[in-house]
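The first chain written gets the first letter, and so on, giving A, B, C, D and E; residue counts start at 1 in each chain.
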């Protein structure tokens, strides 16, 4: 069992959540409230990371973030940061790839809030910020939970993009998904089964724990 | 441009929707209404197809559906059907892999329906069936739309599972995602770009069209 | 009506086999379906009854295992020996040199940040690359900089995209016209590593037309085409 | 097809007691906020499965917890107006009303009912969010009335509707009562409305059914002080029973004030209280009037001097709060009509008040607090 | 800090006219369902940006469409009771009430206000879904009152609350009016409540403000027949102006019935109508009474014979519908109090009716239909 790879995957999943949560909340809320005619186009745009096969998306990301790309060179020269074949690169890729999972359920969550309640909040003097925290977020919570669980689990299992941008470096970019894949390719089925099982059990526990922690009391008997 | 592969992908995506829609609606609704303590466990179970790397999930599916597997042999002997390396195999794999995308948003959609309205439907004499069609489905519609769009788009881009279970046979199991991947593998970047762009444009139009067709009038001014 | 023959071929054959197949199709009017992928995947799929007729592996071990399992008509035939070499993308500080001397220099100078090979744990080209690098005494120094491709094509993409400063890749891929523009390639001596014995085998259900192609691959014309893509002729 | 309800439960809320309602009869369920009126309606409609209950309509049994019987709401065919309307937000007014209908001309019937509840035609195709509160409520009423219900349950169906529209709806209900003879239960906070529309009142408080009876009967002889309160009897006083009077059926009671004893009253004796027992007594508004001339000598009348504390002019009626001199400092309320403004006693004036002692109703003193 | 509202818009709904409300004053907005009361409140609260409007509170301007000024609702500091409560479903009663508060002891203040609106302590920690309709409404009222508002807007705040709890809330409002002198606007369908609580009425219909004034003034001299209808004046008749009478300030009017002309009446002349003009006239309830003795000779009185059509007993008052003989077949309504049951005229009886002609109010005839 490659614990290092599992730890890396969990780190990546958590970091992805950390980056995408604020961005996702703001954009999902904006999309939910928007009456702009561009809205369906923006929604479609949000979906695009899902459309390309992961390895191909990874390839494009590598070409645009890699050391030979203008962006990659700029990051290397000015920030001293490499955007590929390291954790940062993985994170960038993971963030891009998870946008649809994060935004869609959150947007539905925000859309489901009765407008009347937002009005009640503003009339009661709550600032946009307070309304967000005390009214919108709690009411959109099931959608936000869905988004977070989907993103977390999906990052654990993500393979193509991560392999392409990360390059399967043990301890740095070899995630548990890649490690399992390697085991299968090497016909080490025992190892593969063991790792798969560990991952499945871990994710199940993680999902149950987060659903339990984020559960809301049912709407009441009536 | 490999139109055959695109056509196959679209067929696969539509067939996946067709199979998953009824199953998904029923299970999502059941999960949404359920007060069972097993509910978070079931929800976690629904997520599991996302956890494993697609190629590994594909591997396990292949091992359990392939001609050498008991299930595969049974299907071959009694039904005369092969469950791998053909469209049926792809469809089975695609269905399994899309369960989380289909169920999560739908479940949230059903959960967001005020219980009072279900009560009003039953008091007004609507059967469970009529309540579902005339009240629950329309009210859960944004979530259902989300689920369908996510599933459709995700099937277009799905690569690992399909490659493993399908075997990349032109005209039969070579989807557009695999075709693009092949182009990249062959360093035919021009071809890859062209196909990616076509796929992106197509999906964008498909998403916008479905969002437009499935849009609901906003909740009203108040 | 002529049955379509499905050929599963290792991805290093991508360019070479397409040429050979075109020759064959022109000569016989027989249609071929070529499927390229990783040899290991094909092995798994064939075990599960994949409808392939002819399997061209990059590693003969897979062929023998299938033969032992009784899935093939025989133990197959060697059709080519693969060769590996150093590829350096345009703008890399490393010069392409088959003896890997400049790579050693650049490594010392700290100019090599990332270097691509296929995963030596399961890709035949990766295993040979490791042997060659070990032979040159660079393995230990290079190991922390390695990025591993799932298969040899992916390793080639890493190197060709300029994301790494170089990589050990298959000659057959490096000779592809699209690659020539991306950088320089130098062959590594064949003695530095075990031979990449590429073996093909007919599968149990193969129709006669599949055997025809199997035989065609041994013809001088086919072998000449393979040679153009950097495969050397196997000793009979 | 009489509706008979008997219920006893403790959770999720307390509900005890029962009532009955004949076909074609309208029963008004009254009681303070949180009394359990809505919950009782929900139990009748089948939306709540009570712990112990028996609910029958004619020969049909809808709920019998002893026998484990529970007919689901779909099969009860009740017309229910939800207190908060429960309109379908995704349907137009018309489709909301057509919801319980199945026949081909359902939309036509829905339209017709919307017309009858007084909704303007341009509103038929609006969704609830684009309707005013009262318009939504009338859609909800139309939905309950449009089907052919076995029982009609109206939970504050007119609370958001103005007087004029209410009159339309009252007329509609009256019409309906002639068309379909089913039991009708109305929850309302408006006691005037309850008395105007209902044949009988059912008084509830704290989940308990306290009394059922004709409005004027309850009004004139509430079972206890709590009921008196609930049906809006404001003139409620304390007294001590002092035994039989000169004639059979009559007794003597001392009026007890906060600051001391008042006069002895000769009132009807229903034989329910004993000598020296503490009692609560009420007198309905029709038993109070101002005297214009000299005090009458009839023992039926008690005449008191009282001072006007406040005067409220409420349109057709004027409300006076008076303070009597005997027993000192007791206040009572008096409604006046038909008096031109100029003839009304002003605040501070002393007036002569006449009590019709034959209308005094005596109850055992309440022990529970409000 | 007077609230002044002027508004003119056509979409999404028509709103025209305006009103003003002094600090400490309570204005009741009355009008039929769909009149635009809620919409007007929403405009004042800043939840709707009207097409043309000017809304000021004291020196502060909240909305001036001419100047493009629009203060967002957060900064208007209004206490608003929504018609449908708009309670936060995820918060307890207590937290709902504390929503507009910021200080450290916000929960204590919320609890205190919940106590004052009469909610039982065990309900403070319940969520709205576990409260009855009236309990929810009281939470909503508490939330509006708990903050220190610049303007108080109450949209049917008592519609789901019973009479007893209403009295608690009335008292609370009265208390509040002494504590904080801010303009208060109350929407209510209950005209009695409006007259009881409000200093002035604002009558609305079809989005238009028709009249503002003290209740008794509007009641006695409605601007037109529509207003008369809206403030619940039931005794409305037709007439023809026949010119000046014997004394200045008095004129003569012919009472027109459906079936023919009635008597000539000597009524107050405000100089607004011309000879032979068709008029609508009303007489408030206090101008009607039964005569006990012989008909008075004072020309202020008109005596009529009338037959009792129906008799409704509504608790403290009894409602009679009478049909006069002159003009033939005209019906009018009369409220009686203080009459013991036995003395009430029965259905079919002929009674003698007295009209106080000095209270007759004359309006130009309505041309629009209801």
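Operating definition for what follows: contacts are C-beta pairs under 8 Å (C-beta built on N, C-alpha and C of every residue); 3 or more make two chains touch, one makes a residue touch a chain.
The chain lineup, named per UniProt: A, B = Molybdenum transport system permease; D, E = ABC transporter ATP-binding protein.
For clarity, every value in this text was computed on a predicted model and none was experimentally measured.
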| item | value |
| --- | --- |
| Smallest count of steps, each to a touching chain, taking subunit A to subunit B | 1 |
| Any chain in contact with subunit A as well as subunit C | B |
| Intercentroid distance (Cα basis), subunit D paired with subunit B, Å | 57 |
| Distance between chain centroids, defined by C-alpha means - subunit C, subunit D (Å) | 92 |
| Numbers and ranges of subunit D residues touching at least 2 other chains | 12, 47, 84, 130 |
| Interface hub residues of subunit B, defined as touching at least two other chains | 59, 116, 119, 184, 219-222 |
| Per-residue multi-chain contacts in subunit C, two or more chains | 41, 44, 154, 157 |
| Contacting residues of subunit D [partner subunit E, same complex] | 12, 30-34, 37-39, 83-84, 120, 123, 130-135, 137-138, 156, 159-166, 189-192, 195-196, 215-216, 219, 229-232, 284-290, 312-318, 334-341, 356, 358-359 |
| Subunit B residues within the subunit C interface of the complex | 59, 62-63, 66-69, 72, 82, 84-85, 163-164, 167-170, 182, 184-189 |
| Subunit C - residues contacting subunit A, complex | 38, 40-41, 44, 89, 91, 113-114, 116, 119, 121-123, 146-150, 154, 157-158, 161-165 |
| Complex contact set, residues of subunit B against subunit D | 116-117, 119-127, 134-135, 138-139, 216-217, 219-222 |
| Touching residues on subunit D, where the partner in the complex is subunit B | 45-47, 72-74, 76-78, 80, 82, 84, 86-90, 99-100, 127, 129-130, 143, 147 |
